[in-house]
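Labels A, B, C, D and E are assigned to the chains in the order they are written; within every chain, residues are numbered from 1.
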């Protein structure tokens, strides 16, 4: 079967500025593709190009195997939630949601059913007779969602559809979307900057930067094996610690030497057999630096560190220290004894680290 | 010294619908007040009332000790970031940001300096000559931030200012805001639905629901001592587990009996001296249910539970089971051995639980 | 220095040249002339402007006004008295009595006449008449007979433009022919109800109905000069129109008597349309001096001659030598003299000389409604009586 | 004091216009009402005589025609011009390359004084000179187009010319409205699978409701005041078949020196306007608050 | 820019041709309308290029046999408008002096009024607006006489400022209408943001609203300029010798009742008199820009 969406060598410019450069992505029926990337990297533009709302400067967009490059948006059989909502200002919430169905000649009863269902999912039942101008930000966003959810298209496009919802509602919505995805086997392209959303929803994540795709992979691949420094740095919150280090191969494995603020250095040993250049950047996620007493993993290496800052954050406490000239964050227990200025024994999980070349930024292991 | 902002018995209706009901809040110079609550609960409306952009139906708003109820917004010495951005469409980004200064007669040089500074903070230097229509969502939001940050007002009002930014940028912005707050000792009222933002930024959190304040307190108070079921449920992600239970006082403390799905019950003993009614709801946060081997806290009580679902989420793994007829989430290590259908020994941290009355929803301990 | 701001509606080429003569004479006598022309709607626009000027307390020095309108303005108390000029120049004797009557307001002179247009002219294409062996008709029956003949020959008997004032123009010519001078005076000057509802009046409308049959079907809204063109081209044979139509013939290089013929419309009498200047009350000696100078010049021999040569009308004063005038004008002048003597020199109602606007308008409404529909003559007469009653 | 000034700036800004309107519109309407109760002729008089002018007005068959014409003309003109203007605006909104030129062509009739265009129209519509003669000249001997000279149909030629003159402006008005609708909303509709015509009928046009009010007011104002048009095209003829209240009033006030009569007809005209515009205005302004 | 190009059919090849056909139909339709609008102009132009002789003898709406520009010269600089035979040229300047200030003032005032009514809601704003609107309907014939009185009283009778004053007053209803109805659809968040930024009433108007108003300014200017430039009634009533606008001159050329009619000059004069208005349409038309509020607010 042809991929449901296939983007080949897509280029897009606004005037002389190239916004999207050589985008190649394909997703299968039922895939859930999440687009992530820094603000302004071209995610919305890519969605717009897929929807046919912006003319593309090069390449092609195929949906369901057909070249859609010159097909108008309304014939592409897609539903879309806009980052800016784009509600119809003169229609009530109910009309906003049912209008598409009405136009397609769906009968009244079905319309009413679907409306009721979606309104209940989105918790907007009391708002159905309001105009968009009289809604709160989050309510507007939910209406925008509703407009897409009543449809039954080949492809859903969501542009940060939950950004204005409170955490609780967001979790519920996320679940709704996931179940919609599973129930209908619908294909989705989803833009978000919420890492948890990306991780829990995606079957495939695309990380973009400045209009160029950095990595495509499953959430686990992206999280655990970032393809380059950018991805490593971008995914995960708090971000992965990226610490310049010297690598030296030895018989017991590779020793990694990291400069301390106080002078001297901290030495860790990775027992795997790696062939690393001398200058590397070691990437280690905060949750892989823990209180020594708490963890005892096979690949853990313990070391003492002087903590600079302690930031309690409910379930965890973050500790910041300086290593290799960088601020390094560790995620400790909420009840950790760590305190600023005090030496603390920490465990580094070397089974989970990534190594990058400082010059190219590419992954080495 | 008079509180910088004092809201007394504020009511606000749109037509016949009461949106805000008897709001009373006061913040001191330098306070960082975060407003949270479900979508549509009246947060933006409250900000609008503080700013004087919406007439209030009752009560008063005092800023810097002065009754501001009939003072026009421009004389209230506030800066505001709108949830809907509200950028000036015909002005460039630079003009959007400097407009307020220009209006106030700030000299050109200072304007340019501040603009440069803010643009660098917000990473929007390359965009300064664009019009808002040519920006991405996140870029627009940053411009909206910029417009407030160049000002030097008595009070900042932020309405979900970071909702459209990617995680990395959001962390950076959060730090900027925090340092702005500390550097200037500025007072802020900040709406967010990001719990981490709320926790890390606030000196004081107001939780609202349906236009009524539910609790006012420091982040720790709100997180650890939620005043009622609503707050308990609302704050924290994943949400606090709220499990119906039977409490019985005994010599060793209070025994808490929770029904299991398989029949029978799980019994935990809280060694503190509490006087609880028989029917209670016990609130326990996911991070307070952990792998038994990992923790060993004084107040921990261990028990075997059958896990229904396991959700890996990067740094942690969430395990869901059924207790007291509810889905209960536990936060386990990423490397936990827990698997669906398998019995797992878990540690419940009873030092951190809350008890609520099922009927009133109010906190009991 | 005498000054005058003159509000008038003579703006076409020939008319303008005529006024320029006056201006020149005025200037030669040391006066300064400010021109304030407002054309349109047979002077309606000028009257509109005049009203606004008078109300804003900024009346022009002299205004082209005619007929009963002069008296109406006088009644508003805004006209000046120029009796001194009139008496010094002996207007009483040089002007025909009925025309002089229009220039006086309660015995004092308040306006100066410029010219006399004859309205009840009938124009014809000489060639067409010749070809069909037709003489200029002298009664309406003759006219009808000639018209029938022409119609058979495939020629439009009567060129006419379907505009209310043109309808009224032929109507009054017909009325004069059928009612006779006395009947006309009774009906359209004195508004005598008996005459208005008499059988003769029904006959007038009947003749109108007959004329309607001689007009081509496309006449609605046609300008009078296009109708004149039709006569010139031989498309049509006759046109009933005032003597300004002569200007069109002349402008096209046609010669009276050879290319086209002029005759008074069938029947006795002479309907005149006299243009005149009324003097408004103004402040300032220079303006007053201007008014007097203007009045004197307007009625002066030279101006009366030169102006009317240009304009196609004839002088208002009867003692001007007519050597330079064309045959039609001379005929007109002779007729005027004769009519004046036989008391058949009558004001044109269609051109606002006989009645006040409201009454004249009421009559025109009926005339044009009748002419453009299939209303019966009896109904028309009834409407006429009602309309006049309602306009009082 | 400064504070007071500031709070009341909006009202102060409106004040001059408000006063001007009070005096120069409502004051003058009151004046007209007064005069309509007098026997004013050439110039206004102020002795009240009662309702004679209204009695005269309603006894006048010409007024009857004029008044009836107002409804025929007004309805046709407003409806057609509105529909045509909107249609043209929508067509022009389709990324037409020569938009500027076409827009100017549609608009230019407004630029020319009706004093003269009326003559051109008169010729075009005249069966013997214009269209009918032309088409017959092409060999269609039976073609007839003689509304101009038919007392029952002449009013439609006025409608035609009026539409010709004003629909371009209505188009411009709607075009401005179309251009102010947010593009994102249109995009959303496209993705929603809404056909273009529905996008216009259901989304863009409702969003332009206030512009409709503008167009409606402009057109009804033109309908009520159409004056030069009639004078230039038919002079009210054939007979007075195409008279409108405005021409009636003008004739009374300025050709016939019957100002009292003119004032009474003006009052009736305004009454008509009032009864049509006020309900519309009411619903329009209400829905804005709601 | 939003492309609302017409419907496309599913199959691409067909889609292309289908679209092409629609596009052609669209252009043909536009062209047909253009012809309808141009017809009278065609008659006027051809007539203005004929000699009087040809008009008298020939077919009125036929093409000219010999093209002559004599009528244009006459209309511009020789035609008589009374004793003065200088064509419409001398009156042009009066019209410019009247139209430009009147258009500017009435547009500006209308914009302000519209801005207040649409964005600074206070009690009575709608009432004010309704009063204003209703003012559009007062027949000008009615106001002529009392207005003349008032102008006389304030000493502006017969002057250009007097005419400007009259045009401004009776233009206000429309300009207010246009702007109010345009401004009501501008999101109120913009005003709010500007208020917080410290901008006052005028500042917000000047910096935020005026720049947003291009299309409606164009429409208003087109309307006002046309109304004022083509106005005859006020021009003829409230002017005196020396302040008469071009329409009065045109009327004087065209409307002689008893003089010889020169249609070619009439038509040429009318076209000349319409040129400034046309120029305004062309220049102002450029500002019919799309999407001025783009990116201003979300939702």
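Methods note: contacts are C-beta pairs under 8 Å (C-beta built on N, C-alpha and C of every residue); 3 or more make two chains touch, one makes a residue touch a chain.
On a predicted model such as this, the values are computed, not experimentally measured, just so you know.
Hopping across touching chains, the smallest step count from subunit D to subunit E is 1. Of the two chain pairs considered here, B-E and C-E, the higher C-beta contact count falls to C-E. Using the average of C-alpha coordinates as each chain's centre, C ends up farthest from subunit A. If each chain is reduced to the centroid of its CA atoms, subunit A and subunit D end up 59 Å from each other. The mean-CA centres of subunit A and subunit E are about 56 angstrom from one another, to the nearest whole unit.
Measuring from the averaged C-alpha position of subunit C to that of subunit D gives a distance of 36 Å. Multi-chain contact residues of subunit C (touching two or more other chains) are listed as 40-42, 45, 48, 51, 54-55, 223. For subunit B, residues touching at least two other chains, in rising order: 72, 84, 134-135, 137.
Shared interface positions of subunit D, defined as residues touching 2 or more other chains, are 6, 43, 115, 119, 129, 182, 184, 187, 195, 207, 250, 253-254.
Contacts from subunit E toward subunit C in the complex involve residues 52-53, 56-57, 79-85, 144-145, 147-149, 151-152, 157-158, 232-233, 236-242, 244, 248, 251-262. Against subunit C, the residues of subunit D that register as touching in their complex are 41-43, 56, 59-62, 115, 119, 122, 126-129, 146, 148-149, 151, 154, 231, 233-241, 250-258, 261. Those residues of subunit E lying in contact with subunit D across their complex are 1-7, 26-27, 29-30, 33-34, 36-41, 43-44, 47, 59-61, 109, 112-113, 116-117, 120, 122, 126, 128-147, 150, 169-170, 172-174, 176-178, 180-182, 184-185, 200-202, 215-216, 218-219, 222-223, 226, 230, 232, 247, 250-251, 254-255, 263, 266-267, 269-271, 273-275, 277-278, 281-282, 285-286, 288-294. Within the complex formed with subunit E, the residues of subunit D that make contact are 6, 9-11, 13-14, 16-18, 20-22, 24-29, 31-32, 43-44, 88, 91-96, 100, 102-117, 119-121, 123-124, 129-130, 133-134, 164, 168-169, 172-173, 175-177, 179-180, 182-184, 186-187, 195-196, 199, 207-208, 210-211, 213-214, 217-218, 220-221, 224-225, 227-228, 246, 249-250, 253-254, 259, 262-263, 266, 269-270, 273-274, 277-278, 281, 285, 288-289. Interface residues of subunit B facing subunit A in the complex, by the touch rule stated above, are 14, 36-40, 43-45, 83-84, 134-139, 141-142, 159-160, 163-171, 193-196, 199-200, 220, 223, 233-234, 236-239, 285-287, 294-295, 297, 311-316, 331, 333-335.
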